[in-house]
């Protein structure tokens, strides 16, 4: 019996993995990837709710589409900035990107 | 409720997703991470199918696997010196990060499992593609338009930023 | 009909204003204005006394000065026999001193200023005498104190003079503390400031006995300060730093009598509060004896006179405390003349010899006869030799003392009379007779000009005859004029008269023996009784005592309050918490940089301390930020879901 | 609506400030005359105010009232009664005199200086005439800003420190007042910020609420007065401020605190007044005695006078705490009198400092010989300050004592000690500076100038005038004070 | 359907496209496109003012007074930002046209955000607001700090979007709808049925607060603020600190007041705690800053704490006070940033200590800066005071005296650093012997004058905008 909670659990786990990635990856692209994992987790939520709570309305699915789209947009900009960082800092290791502090 | 084969599929997919997700965040080589990310996205797409959201699954594959991941791989190639990837890929926050994340995980799962959801027993919509298309052009036309502007601005922005002067 | 009396104080005030603002540059004119004003006042005072003699019913005139709900102050004048006598005394002595000063102050660069101050003093003193309520009397009381301060410190270039002025002001103000509190207590209880209304309240028993006693004692503190009674007598001898006419006017004849006047004026209260009256009498008694004993050994001519003044004032206070209203005021009246004369005479001597030390004088009699004779007349008067003024008033006092059950007052009275006679004649013999001790000064000495000697002669006349109005055999003498409740008929007490005269004569003889004939050597006595001599010579060490027990602690306290409490503690309270973190790391630096600085620094360093800790979070490391966010998130969730 | 005299008095200086700001740089002389002109008009108006004020009633007069921010219940409500009229006059007078004094004193950034000085006057005038809480608060706070700049830019010594300290302390206090105001606003029905209406309604509120609000207002006013232990800003600010600003600070700003107590705290919170009577009286006693003792320890003349303010304002508080007509009248008298006397003292200190560049008491000696007029004036005001009869200080202190004695039978006699200590430190100062042998180091000192004399003579006249004829002032405040007492003992 | 309601947004979007197009054909002096953008903004402001009221798409889009009010804030901020960017863009090596266009696009997003009555629209608008800002933050490509700012902003922004989305997904799961008013109905029904609201709802509140808290820079989600503010081009920082924040506030109010007001016990206290933390932390750390942008960054963290006081009140007055405070905060904060821009255009420095002696070099500039600083402290009669007064009054009305006390104590602290700038300008002398005057270009001068007039005028005559703010708040009262 796979119910809603199974999917929610899965998504939560994925979400937390994403968070862990954000917290620990040193590579900027790695962090971006982790963020994508978080978006995916959210999407699982939406789709699962859509399936179990509002099977006839497709709101959840539509939401997921939008999230995917925007994730793509964000990834684009993100990667552009990463490239910029790479040019300036000669590396994309976020540990070293800390001119500004305190 | 899913039973039988679906149940088994669910577990397999979940294992793939979680396993590859963990790989994504822990691989030493960022390039390998990217590959596992692809795997993970596929797994998620499988979940969508399991949830009878085939259209979303397709979108997932197209956009995520087809666009985003490829983009990332390009970016990795452009930025990282691939095979000098012996340098540590994770910072000192692993242990505290683990603690925080597991705390969050436990609480969230606990909270969600304690919640009674208002489940519906209706059969899921089957004509999803057409229905979604219709909705996007009617009820959700406004966000749809806005998102196009988002894409436009992301496009322009990315060009402005990424281009060498 | 007597309402014109307000002009009496006003004239000197006008003189003061005129001199200060207009005629300051013209010395002669200034002095003329000043003298003219006081002389006019004198004429008015004579008119007042004449009309009061004719119609002794007290009259009062007043106008509302300040009016608030439940608080009404009227200013006005009260004229009764006491006022009339006082007006006459003050005007007389004051006029003479004014005239005398023209000679004495000749050549002083601040001549005009001196006269302006004298006028201001006359104004204040006359106002004090005329006051019909507590507020008014206090106002003039303080003004009198001010002029005293200004005149004592007239030669302010001398540190001793300015010190003395300050000391006088502060010491008398200490007494005024009591005065104010006394006024507060009494007026709050009686609901009025007016003398007669309050006396009425006292007589009808509206004021509870305890409050009345307390109020009376506090009120008396004012008199103690002003009349230089024990223990606030220390300022008067020092006040001799002022020009001698000032000493004569203020510190002998008039101002210091204000305390006595106050007690006399409020006699009703003391009669209703016998405990307070006993305090008054005791203080007076102590003072009289103490000052007289100090006077025995002093070498400065004016200081001797100063202690004599204190002693005589003690006499008056004592007798007032014993209920001798007539006796006290009578002595006040006679004392004014002979004490003024003594001072002016001393001034004349000082003027001639340019020194105050009696041991630098000697044999002056031939050179300044008028001064010497008048001085000796005054000495006889103060010593109480028949039939001079002093005799009659002293006799009154001793009579009153003899009625008191406890003989201590009488004994002290007689003892003091003897001591007075001794030190006065010690002064006379050393100054005017014998061989000149300082040849240079002796040769330089000369009789003073007319403008100085004429007042001396007038005063000598008064010293002899002024007291005759109180001769016991007189049917309508002083006692039937100035009295409290009932006319006082002095009964001649022959035993007392004889005893006191004998005591006085023996005092004179002792002085004669010691300082003229030199049959008894003062040096030997000194050597024989070194301790009493030293104590007396150092005035019972009062100044030193005050320095140690009052002044030093106060100065220390104020320094402490400022340096420790104000800068230290108060600011530090605010500082404290803030610096705790920094404190742990670097105690010394904390002390240096923060204790002295104020609360602002306190808040700032609290903030800074916390801030520099907090901003460590802002490492610049992106993922630390993310960590903080999630850490906060988890905390919030735990907080909300628990 | 009649002639808006209060608004004019308040805002003409503002107009002056704007005009001055638009003058060209460097025209110092013009700026000075403009400033004098724009402070002179309020002075003239204040005379009209004095002459037209009806002292027989406690009614608010010269009322100007119209809606300002109706959605928040805020009105523009100006008015004056017997409490504000003397303070307005004092403000106009000291404002004008300090401008005149500053003619010679200020040589740098003249334009800004006078602009700030005028702004300061706006705030003070407003505080004394505003009867809407919001308006009152605005004016109350406006004062801080120019003061901060005036101390910080044109001051001496640790001026920055003093400026910020002043600002922080007083802002801290006044923000509590803001809470109090809002709390009041929401706790009366219908909601209102009209002080006069609030006075009628607040006593109906619960006791604990009254006490709390009283405490909140207390902090605000206590910092201004200043009451121990909130006083440590005062010596710093006074000492480091330029002369004219010290004058205003001591002469008027401190009065804002006591004014607040009389206008707001006591009429509004009878319960608070009753409950806190003894503590306030004790604090007042501490102010008096402690302030005076601290004065004794001072070596700097200006600091001594600054601390003397602490002591003298203690009398005000003592008078207030007793809640009797006499006590409060004494307080008002003391407010006026202290304004005149301390203002003049600061002016005179400034005169000397400008010439000698030191204020150390011990550095002088025998100045009376060299500078008779200056010394005479200084001694006159010192005597006034130590409460000599014939001058205003005596009356106020005496009234305070008389008025508060029935309420505090132990505290008042102790407070009287302050009188002696005051005499002691003033005489000590006089002796050290003016008496004794002349210190030839100061041979070159020049006598006080005519302009400087002009600034203190009106103060001297008023000081003696009130001292000799207190009735006009008493009649002016009488009805109002009776009303305050009537309200405060409800 | 009355599509006219969309007119301002559509117009602004088209205008942005117009700018891109013109930019394409223009070869030099592209920074003059700023004036084109300004023209567009003025027209949009007019359109907003005259716009009709009504709902579209079944409550997905509200053209109501609340939206109008916030739209005005965005537009005026944008106007000032662009005015102050004219000089700045001259120094940019490339793409000034896109710079203005992106600002306009971001504003389109904000305007939709303020009108959104549905979560999907809201989310999408939020992204439209943010994504151009990521780019703009990194716009000075040769400047390391700018790139760093862009990266930090992007990563943390993306992460917080994910948090917000997670929260939204839970709400969706609980109610099955994304329309705020339906969410409210469903939740009430559910609550009435079961008597409890369940942990998932609270979890979603928290996730949404976290997600929006990022935009608002609410502690502890404020970490990005100092670094991004410091690194981003200063006009963008100004824009971020006002417009973006105002957008966040609008979104927050929409969601929480429209849908969750009846569950206020479950989130108000949390907001109150976060608000006080923001006030304390923001003000205290600001004390130590030496860079004006960084100082203003921390100050803006503190300011959001003040704004949240109005949210905590959870009443119409509260909303009104939030709106009004945001409005007046805009003038003061923009003014402060514009002064900083002016100063750094001339001197190239953002260090507070370099402001020494500014009152001599440029008295007018220094005076205006002082006014802005004092307004931020909340000294009457400046607008900042009026705003704070209103905020405090809303809180006290609801009995949150402790919160006001915190606000007051921290205000006193804030005085210290705000006046720190004033102190430099007025009490210190410049290090240079003869520093030249600061040149103020006409555009900057206009921007400064607008700000200073705003600060002065709305302190003394706030009535009109108070009424507008009240009307805006009425939206939540049905």
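First chain written, first letter: the chains are A, B, C, D and E, and each begins at residue 1.
Convention: contacts are C-beta pairs under 8 Å (C-beta built on N, C-alpha and C of every residue); 3 or more make two chains touch, one makes a residue touch a chain.
These figures come from a predicted structure and were not determined experimentally.
With steps allowed only between chains in touch, the distance from chain A over to chain D comes to 2. Between the interfaces A-E and A-C, more contacting C-beta pairs are found at A-E. In this assembly, B is the chain whose CA centroid lies farthest from the centroid of chain C. Of all chains shown, the one whose average CA position lies nearest the global CA mean is D. Centroid distances from chain D, each centroid being the mean of CA atoms, peak for B.
Annotation: 31 Å between the Cα-based centres of chain B and chain E.
Taking each chain's centre as the average of its CA atoms, chain C and chain E sit 76 Å apart.
Each chain gets one centre point, the mean of its Cα atoms, and the points for chain B and chain D are 71 Å apart. We define each chain's centre as the mean of its Cα atoms; on that basis chain C and chain D are separated by 36 Å. Residue positions of chain B touching 2 or more other chains, listed in rising order: 91, 93, 97, 100-101, 104, 108, 111-112, 117-118, 120, 140, 143, 147, 150, 154, 157-158, 161.
Chain contacts: chain A has residues 4, 8, 15, 18-19, 22-25, 31-32, 48-49, 53-54, 57, 62, 66, 70, 73-74, 77, 80-82, 84, 87, 94-95, 97-102 touching two or more partner chains. Within chain E, contacts with two or more other chains are made by residues 120, 124, 127, 131, 134-135, 138, 141, 150-152, 155, 159, 170, 173, 176, 199, 202-203, 226-227, 288, 412, 416.
Shown are all chain pairs that touch, namely A-B, A-C, A-E, B-C, B-E, C-D, C-E, D-E. Chain contact summary for the complex, chain E toward chain B: residues 13, 20, 56-58, 60-61, 93-95, 98, 101-102, 105-106, 108-109, 112, 118, 120-121, 124-125, 127-128, 131-132, 134-135, 138-139, 141, 150, 170, 173-176, 190, 194, 198-203. The part of chain C that touches chain B in the complex is made up of residues 621, 623-624, 627, 630-631, 633-634, 637-638, 641. Residues 19, 22-25, 31, 94-95, 97-102 of chain A are the ones touching chain C in the complex. By the touch criterion given at the top, residues 600, 603-604, 607-608, 610-612, 614-615, 617-618, 620, 622, 624-626, 628-629, 631-633, 636-637, 639-641 of chain C touch chain E in their complex.
Taken in their complex, chain E has these residues touching chain D: 359, 363, 374, 377, 379-381, 385, 389-390, 392-393, 396-397, 401, 404-405, 408-409, 411-412, 415-416, 419, 423, 426-427, 462-463, 466-467, 470.
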